Structure formats: structure tokens, C-alpha cells
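What follows is a group of structures, each given as C-alpha cells.
Below, chain A partners chain B and then partners chain C, in two separate complexes.
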Partner chain A sequence: MAIVNGEKTAARSAPLTETSFIGWLHKNLFSSWINAILTVVSIYIIYVAVKGIWVWGVEEAVWVAENRRECFKISKDGACWAGVIQWLENIFYGRYPRPELWRVNLGGLLLVVWMAPLWLPRVKNKIFIGLSTVFLYPFLAGYLFAGGDKGIFMQVVVSGAIICLIGNTLHTIIGVFSGGGLPENLTRLLGKTDASDQNQRNTLLAILAAAFVVVFLLQMGWTVEVVPWTKWGGMFLTLVISGIGITSALPGGIILALGRRSRLPVIRVLSTSFIELFRSVPLITILFMATTMFPLFMPEGFVLNKLVQVTIAVCLFSACYMAETVRAGLQAIPMGQYEAAHTIGLGYWGTMGLVVMPQALKHMIPNIVGSFIGLLKDTTLVSIIGLFDILGMLRSISQDVPWRGLHKEPLLFGALLFFIICFIMSKYSRHLEVKLSAGANR
Partner chain B sequence: MKPTSFITSVAAIAAMTFAGATVALAKSTLEIVKERGNLRCQVGTPSPGFYNLDAKGEWYGSDVSICQAVAAAIFGSKKKLEIQSVSSQVRFTALANGESDMLSRTATWTLLRDTQLGLDFTAVNFYDGQGFMVPKDSGITSALDLKGATVCVLTGTTTELNLADFSRVNKLNIKPVTFEDSNVRNDTYLNGGCDALTNDKSGLASNKAAFPNPDDHTVLPETISKEPLAPAVRQGDSQWFDIVKWTVYALVGAEELGVNKGNVDDMRANSTNASVRRMLGVEGNLHEGLGLSKDWAYNIIKEVGNYGEIYEAYMGGGKLGIGIARSGSANALWTKGGLMYSPPFR
Partner chain C sequence: MTTTEAQETQSQLASAASTEVIIELNQVNKWYGQFHVLKDIDLVVHKGERIVVCGPSGSGKSTLIRCINRLEETQQGDIIVDGMTLDKNLKNIDQIRSEVGMVFQSFNLFPHLSILENLTLGPIWVRKIPKVEARQLAMEYLERVKIPEQADKYPGQLSGGQQQRVAIARSLCMKPKIMLFDEPTSALDPEMIKEVLDVMVELADTGMTMIVVTHEMGFAKTIADRVIFMDEGEIVEQNEPHEFFNNPQSDRTQLFLSQILSH
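Right, the complex of A and B next:
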């Protein structure tokens, strides 16, 4: 006996617990007596905490005052943000001369302009743009920040960087509005579309050379005042050190990881001992070694730039950590992939660059970003060896006579800044993971 | 060329090279500083009264003024100065390895440091000493009343050792509560985490001034340690040692003689006091022994002021001062019962 209904049963509406807000509350927060009690208690704790912070940090807080004593006079139980506000320039730029601050800002802006095309979908040749960011931008920014006389090497690199920046920007604008890139459009503009490839290339090279000469002559008249590194500080210094560390960590780490997995004993042993040596010592020890012990081995009166020493130390340290992350990623790639690559005739670098690394890097993203975030926070250790990075500045506020003892507010402000930066980094890494694993969701 | 002559010439070249190297090494600190065009003066991480950063990123404080005075003595301008802020763990290394030319920071002059760390202390510019602070309503009026008390103290400092000594000698059984960070120590003290707070008296004064209710606390009269603070230089360059030492004496001497920033031009032009005339370079050749210009002391006073002015500005009641009374303390002039005394300028 079969009951067969010829008509399709009409769909019932979803149960109330799934659609209404009250239903949701009932299901998630008040499903039993115990849960209800826990919910109420938790809400109360959150309320007390948030209210306390709100009253201290906003309601009772003092925003404008000449010194801490005045803050106390206005409100004894509130935060004294006035001190942090007065110190904002120190916190962001350190002791950088105030009339020259535009150079730091311009440097930051240039980085954004330079890197923005990497995120725009219609722009081509992204690899070239990425490489130029790593190899040319640092020189331009470095000169902008440090200033002084340009040696002949600096003049050439700075001219190259400026041309690259102009080229990048034009390329991006053309790319966004018309698709295509700068080289094709230049050839079309010159009416050489039908000329031979060699002819086209030579024309482009000639334009490049002409542009280089023009820019080189123009930049000769452009110098900015020297700002010694001792005046660098605050958030700016933190970003410079960790920026260089982050940029050099990945290439350095890949080389070390490949070295460690190499079949050549010398390379393997050297890489392994290098990695193990730097990984088994705390960063602060490396920093102390680099800044205080190193000059003792040098001839008397020979003073190396402390900032350079610190940056090199941070780079080596982060490369070693990165090497292990990369090695973990490499080990996740099954042997079959190597064999498949060999079958189609790829050599070592072909296998690594075209088959293994692209897959491995995708797996590594969470760990890589994790170490970048860790590195950004670790660089605050340089405040211990006497560089006034952001932490050094935040701690100095409590010693400045008008603001004596003001230490909670600056540290909270610093925590907030770090949270914002790290959160953006981690969100971006999530986005990257989703984008790169698009194939897996097909 | 015969082998012997070849060897001789190699030896000669080697000898010349080494001689050159020795000459280069033997260059005096003054020459190095003059060649470089600025003085590298080491201070510590910011500490109220002695060295601080202001909101514009400039250094100020009494020890910074000593650095400025030495720069003014050498170059005639206090601006030819690079202040290096170095943490206390590496302060002596940074002087020994040539990174800094001199040290002007709160380093107590002790026999051990003077003899075993390769440095020489010049002339005391501040006499400090360790003391105690208690809440007024505790009723404690003497450090000897602190029997069994808990005392907040920074760890890893001589302050901690002095406290232990004091407790043992007087059988007080004081329980130290140690901290790494002075701000956390102060907060704990304010919240009642310990009965008393111990620190150098200059530090106590500046801590107290930063409390929400400074009048609720009192500094006990006892001073349980001697902390003479003096600029220090590397051992083995007595000319440089003399320059730094006499810069401090010029600051004190100027105060003794009534020369200050405001009247120094007038004094140089019109003073009939022979000591003043010698000091400011109007008469005599006192500068020659130091290897400085004739108006070195004039430049110091013109650029920085005398000792009293520096004290008033950063240690005393000035706008940036931490409010330690000078009269009656060891830092008053010897004519007023203190220990500040300059050898004669003649």
C-alpha cells in the first residue's frame, strides 16, 4: 500500500527560532536556565567593564590641558589625553625636525601610490611593479628620509626610481581606463604598431634613455637637508625597521629554506646552522650583540650607524624564522608534484618556481602573516637599546616634567595603534587566502 | 734587489704603517671631537630633572645642560651636540667603545666604577641620596619607624641593595616589594600596595610632585646612602678629563663670582674682579692648558648659564623643574653651607 500524493506539499515557513530575533535569542542565549543565568551574568560583566572604560576614557577624560596637574584639577578620575595629544608628533615621527615632516609623509604617500596598482584588477605586469617596490622604492624613500649629498650611485638609483614611479603611475592609469599597458600604448601613439618587434623594443628603450637623462639632470638640482638617523623615531622608525625586516624576510627565508633542503652538504649544513643559531637566541640578545659588542671588534673611533646594525640584525632574525615557515610549506607539497614537474622536463628552479613554491606559499600565508605581525611587535625591543621608536616615545611621556607619571594613556594609545595595523594585516591575509584558493571552491 | 734589502724595505714599510696606526690611535678626544664637529654626549633614558624629551623632541635637563656646556666650551655653541640616550645596561660599554665622548647621566661615583670600568669621574654636579616617602596619615616620621614595613623599590638598582643594608643594620626587617617600572611602582604605592616608597631623593621629589594629591605624602628626613653624580670620561686622556672637569667648575665658579647668563657680557666688559677677568678670558692665559679658545668659560655661561641657573631651571622651582629645595642641601654653594665648591681660576 503506497501513499502517493500527486501534488507537491507546499513549503512550510521556517520555524520561528530560525527567523525572528526573539527566536534567535531563545535558541542561542536562553536555551536553559543555566544558560540564561550565564547570559545575564556575562552581559552584566561586559556592561560594567565597558562602562568603566567609557567613563574613564571618554566621559571624565581631559582633552585639553597644559600639563598633568591641570588635568588633575579638571578631573581626578578621568584619563588625561591632553598629554598624548601634545606628544602626537613625537609618537609618530620621533625627533624628526618639524619643518621636514612632509618628507616622511611624502615617503609614505609614494609607497601607497607605488603599491596601489598591485590591488587594481585591470593592471598588467604586476610582478614588475612588485619588484620595483622592493628594489627601487627603498632608495628613493631612503634619500627622502635621510637627505644630504647624493653620491653618483644614489643619483642614478634615485633617477631610476623616479622614472619607475612615473612609468608605474601612467601604466596604472592607462590600465584602469583602457586595459592594456604603457608599452603598447606608447608604440601605438608613435604609430609603430606594425613595425618589427626589435624596432618597437629599440624605440621604447630610446624613450626610456631619454627620460632617464632628463630626470637625471632635473634631480641633480634637488637636494634635501640632512636628517641624521638619531632624529628618526616614533611610529616612523618602527615602520622603517619592521618594513625592511618584512620585505627581506620572505626572500631570505625562501633561500635559507631551500638551502636547508638542499642535497649539497655544504649548503645544507651552513643554512641549518645559521637558522638554528639565530633561532635559538632571543632577539634582544642579537640586538645587544649588534649594537654594543660589534663596535668593540672594530678599530677605535669607528662608529657604525646603530640603525643599520639594528636593521641588519632584525633582517637576519626574521629570515631565520621565515625559513622554517617556508620549509613547513614545502614539506606539505606531495612528492608527486616534484615528480610530475620533472616528467615535463623542468629543472630544479623550474620545479621550485613554477610548481612547488606557488602551491606552498598559499599554504604558508597564515604563518607568514603571523610572523610579520610578530616582527612588527618585536621591533619595539629597539627601545631598550636606546632608539626612540614608538614604545620609547610612549614611555618618555611619563618622564617629561609637565606630564610626569602619565603612562597608562600613552600605552593604551599605542596598543590601539598596534591593534589597528595588525588587524588590517590579518584581515588582508584572510582575503588573500580566499582569493588564492579560489580554485578549491570551484 | 738583494733579498736583505727587500726584507729591510718591507720592514720599514710595515714600521711606517704601524707608526701611522699608532698616531691615528693616539689622537686625543678633543681632536676627534673638533674634527667631527660635534660632541657626542651620553645621557640615560628619560628621567625627570636630569634628562628629558619635550613634546617637540628636544632634550632638556640638568645633565643635558652639562653636555651643552662642554659643547659650548669647545665650539662656542651649545648646538654642536649629539645627545645619545643609552640604557643603563650598556652605558659604560658605549663609552668604552668610543661611541660616546663623555657620560653625563645619573651614574653614582663609586670606587669600583672609578677603578675597574676604564672610566674617570670628573667633578660632582649633583649630590643625591636615597630616602623614603610615606603617606602623611601613616604617622611615620622617621625611617627607623619602618619596622616590618613593606617598601616599594626598583629592582636591579643600588637602591635595592641600600635598602637591604639599611634594614639589616637597623634590624628593621623591611620587606621589599620590587618593580621593573617606576610608574607601576608609584601606582602600587598610591593604591596602598606598600607602606613606603624608596628612591633617590631627587626621584622622590619628582614622583611626589606627579601624584594626584602631593600634599598627602611626606619625604622622611633620613638619607640612607651617598649618591654623588658626576660626568665621566674614558680613562687615559687627561686633557679631555680636565676639559669636562673644569667645565663643571666654571659653572660653579661663575655662580660663586656672581656671573650669570644675563650679566656675563657686562661682567666681561666692566668687571674689575681679577678672578672674573681671568675666568672670562680678559686677562691671563688660563685657556692654554685646556687647549680651548680664550673665551671658553664666557661661552659656557653665555650659552647655558651658571650652576645656580641650571639648578633652578631643572631641579628647582622653574617651569620645567622638579622642585627640590636647594638651600640647606649638599647642592648649595659652599658659602651657603653646601658642598658646591670650585677650585680657584688662576
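Right, the complex of A and C next:
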């Protein structure tokens, strides 16, 4: 006998436990007696803690005062933010000469302008823009920050960087508004759209060369005053060191990881021992060694300043950690991908660059961003060997006569700064992960 | 049988195809450590010939065809593909690989690229064809495997049969002279097997040189010029399909055929 359900079942709304707020509360927080007690106790603890911090940090806090004693006079058990506020410039720029601060700000602004196209829709040739950020921006920024006489090398790279910056910006504006690119529009402007590829390319190269000459001549007359590295400090210094570390970590890490998997024994052993050496020594030791040992390897009379030594050490350290992250990512790629790439005729570099790395990097994003965050925080160790990075600055507030003994507030402020930066980074990595995996859900 | 005699018999078998030799294996031996996978393999394949390789699991079929585009290295013997001897010279190898297409049991599409990008990767980066042309070429082949509408999807969004057809199209985009298939239908559900075999039959009709490892005996009967039976690393028997299935000579072949044809 057949069983037949003749009537259609109308859709009903979900039970209240699923949708209403009370239902949610009941299900998640008060589902049993023990749960209910735990919930109440936790809420009480959170309340007490938050209230304490709020009263100390905001309600009773002092925002304007001349020195610590005045703070105490105004409010006995509140935070003394006045000290931090007075030191804000120091915290961000260290002892960088105040009239020259615009250079630091301009450097930061240029970085934003340079990288913004990477996130804008409809802009083409993003890879080129990315590469130019890594290879040209640092020289321009480096000159801006350090100043002094430009050698011939610096003159050439700085001119190159300026042209690239102008080109990128025009390209981006054209891209966002019309969806095209700079090269096509230049050829169209010159009425050469119908010319042969060769002819078009030559015209573009000629324009580039002309632009280079003009910029080169203009920049010859432009110099900025020297600011010795000893004056660099605060957040600025932290970002410079960790920024260089971060940008060099990925290429360095990829090279080391490939070396470690190489079929040539010499390369493999060298990369492996290099990686293991740096990974088994704490960063602080490496930093001390860098400042005492690098000079031994350098030829007589060649003096590297401490900042350069420290930066090199941070780069090597971060590259070695990144190498292990990359290696783990590479191991997640099945052999079949290599074989398929080989069978369509791709060689080693083609296989790695077009097939394996793009997939591996996607798996690695959380770990990569994790090590970037770690590096940013680790960089504060340089304050121990006498550089005045942000941590050094925060701690020297308590040595300053008017603010003697002011420890808590600066450190809390620093913690908040780091938290904001790192939190944004990790949120962004989460977003990237979701975005990238949306394309190729396996 | 001496080598030359073997070659003569093979030439006779290849009557349907041209007499131009495109693949030649002479006394090829291969070991995995101490394990002797390929034993004294002699094989001559002519241009346009369609060969089906069968044999029990672990008999070395995959290893054999993977040697032809040097996904595996051999220790003894010569392999000559399209006039080029496979040796340690890497330039040679990339060139041979771009002329020998290969289709795997597990498809091995590139999951981070769209179907169209999967197809154009080789033409653009290896053959250095301009992007626009490469795209036209890719669309042409997608039409030939009957899934042009999937061009912008990603491999993960396609069914197994569709993925395998994309894999075939990806190889064809390189305009190979030889196509190797390693059990292209074994990972597929029955209803998808047919769509892949249909594409392969059409390909066979275009005169492509094909070496196919498969257990699809019906397919072997319809398209093969020659069936090769392997067991324990040796080529035990080879013959044209009608003879091979109706009148197997060696005991091992008879046993194998009785096992796979019994149901």
C-alpha cells in the first residue's frame, strides 16, 4: 500500500528559542543552574574591571597639566595622560628635528599614495605597482628621511622613483575613471594608435627617457638637510625597521625555502643551516651580535652605523622565520600540481611562480600576517641596544624631570597603539583569506 | 625475439597509421630502489597510432607512460621522442614536455585559476602566444570538449567529467604531437565516463598519436590500433584489438582478460 501525503505543508516560522533575544539568552547563557551562576559571576567580574579602568583612565584622569605633581594635585587616583600628550611628538618621531618633521609625514603620505592603487578597482598592472613600491619607494623615502648629499646612484634612483610615482598616480587616475591605462592613453594622445607595436613601444620609451632627463635635472637642485640616524626615533623608527623587515622577509623567505627544498645538496645544506641557525637564537641575541660582530666582517675603515646593522639583523631573522612558513605552505601543494605544470612545458621557475607559489601563498596568508605582527612587536627589542624606538621613547618619559616616575600611562598608551595596528592587520588578513578563497572553493 | 624483429612486428601492427616513428623505447629498465618496475621495455609508436595499455594494478603502466615525458627518470635504455633523446639535458626536456600532452586520473587542474586561465597558461608562458590569441585558442578547444559556457568558472565548481574534459583541452591547447592518458576515467562516476570517452574518440578521429592506459575495454576495441598488455613490469603481449581480445596468446593475458571480462 502506498503512503501518500496529499496536503502541502505550509512554512512556519522558527521556534522562539531560535530567533528572539530572550530565547538566545536562555539557550546560550542560562541553559542550566550552573550556567546561570557562571554567567552572573562573569558579568560581575567584567563590570568591576571595566568600571575600574573607566574611572581611572577616563573619569578621574587628568588631560592637561604641566608636570606630574600637578596631575596629583588635580586628581589623586586618576591617570595622568597629560604627560603622554605632551610627549606625543616624541613618541611618534623621536628626536627628529621639529622643523624637518614634514619629511617624515611626506614619506608616509607618499607610501599611501603609492600603495593605494593596489586596493582600487579597475586599476591595471597592479603587479608592477606592487614591485615598484618594494624596489623604488624605499630609496625615495630613505633620502627624504636621511637627507644630505645625493651620490650619483641616489640621484638616479630618486629620479626613477619620482617618475614612477607620477606615472603610477596618472595611471591610477585614468584607470579609476576610464578603466584604461597610462600607456594606451599616451599613444592615443599622440595619435599613434594605428602604429606598429614596435613603433608604439619606442615612442613610449622616448617619452620615458625625456621624463627621466627632466626629472633628473630638476632633482639635482633639490637637497634636504642631513638628519643623522641617532635623531630618528619613536613610532617612526619602529615602522622603518619593521617595514624593511617585512618587505624583505617574503622574498628572502621564499628564496631560503626554495633553497631548502633544492635538489642541489650544497644549496640545500647552506639554506638549511642558515635557517636553523637564525631560528635557534633569540632575536635579542642576534641584535647584540649584529652590533658587535658585523664590524668584524667588514673591511677596515668601513663603518656601518648601528641602525643599518640592526636592520640587517632584523631582515635576516624575519626571512628565516618566513622561510619556514613558506616551506609549510609549499608542502600543502600536491605533487600532481607540479606534474601538471611540467606536462604543459613549464620549467622550474614557471611551475613555482605561476602554479605552486600562488596557491601556497594563499594557504600561508594567516601565518604570514601573523609573523608580520610578531615582527612589528619584536622590533621594540631594539630599544634594549640603545635605539630610541617607540618603546625607548615611552620609557624615557619617566626619566624626564617633570614626569619622573610616570610609567603606567605611557606603556598603556603604547599597548593601545600596538593593539590598534595589529588588530587591523589581523582583521585585514581574515578579510583577504575570505576574499581569496571565494574565487576557488575546492 | 630480437629487437629488430620486434620492431618489424610492431610496424606491421601499425598498418593503419603512418610508418613515421614518433616514440621509440630501446631496452628501457627502471628501478625504484631495489624494485625493478620496468624490465627491458621495447616499444615503437608510429605517428597517428592509437595504443591502449592494460594490465593488472601495479604492473608498471603508469610508470611506463610517465617515462615518455620524463616525469620519471629511467636508469637504462634510450627513449627517443619525436627525434629527441631524453637525457639529463633540461632544455630538451621542457621542449619534449610541451609536445607531449598528458591527462591524469585526478585531473590536476590548477584550482587557483579559472578554466580559461588554466587553458591559456601554457600557450602564453611556454609558447609565448599573445593573450588574445591564446584566449581564442582556448575557447576553440573548450568548444571541442563541449563546455565553452564554463570558461569563467573555477575547477572546484565543475563536475568530475567536466574537469577531465577541461584537462584534455588544457593539454590540447599546447598543440601536442602526442597525448598520454593515465586512466582518465577511473576517478569518474559511470554517467560521466561516457562524456570523457566521447571526447577521446573524437580526438582519435583527428589522427592524434595517443597512448591510453585504461580498463575501458569497449573503448579499446573501438579506437585502438594496438593493445599492449603489461604484467610485472614487462610487455607480455601486444596485438591489434580484435585478435587481442578474441585470441590471446599468453596464459597471463588469458587470465587477465577472463578476470576483467567475467562481469
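Here, the second predicted complex is superposed on the first by the 421 of 442 C-alpha atoms of A that agree within 3 Å, B and C clash if a C-alpha of one lies under 4 Å from a C-alpha of the other, contacts with A are read in each partner's own complex, and residues count from 1 in each chain.
We take it that a residue touches a chain if its C-beta (ideal position, glycine included) is under 8 Å from a C-beta of that chain, and two chains touch if they have at least 3 such contacts.
Worth saying up front: this structure is predicted, and the values here are computed from it rather than measured.
Look at A:Ser398: by the touch rule set out above, it reaches chain B but stays clear of chain C. Touch criterion not met for A:Glu276: it reaches neither chain B nor chain C. In the superposed model, A:Val355 makes contact with chain C only, not with chain B. Which of chain B and chain C touches more residues of chain A: that partner is B. When both complexes are overlaid on chain A, the residue A:Phe288 reaches chain B alone and has no touch with chain C. In the superposition on chain A, A:Glu66 contacts neither chain B nor chain C. Once the two complexes are laid over each other on the shared chain, residue contacts for A:Tyr96 go to chain B alone; chain C is not touched. Chain contact summary for the complex, chain C toward chain A: residues 69, 71, 90, 94-95, 97-98, 100-102, 104, 106, 108-112, 121-122, 125-127, 154-157, 167, 170-171, 174.
Within the complex, the chain A residues that touch chain B are 68, 72, 76, 86-87, 89-90, 93-96, 98, 228, 230-231, 233, 288, 291-292, 295-296, 300-303, 384-386, 388, 392-393, 395-396, 398-402, 404-405, 407. Residues of chain B touching chain A in their complex: 25, 27, 32, 45-49, 52-58, 82, 84-87, 89-90, 93-94, 96-99, 183, 186, 206-207, 209-212, 320-322. Of all the residues in chain A, the ones that touch chain C in their complex are 336-337, 339-347, 350, 354-355, 358-359, 362, 439-442.
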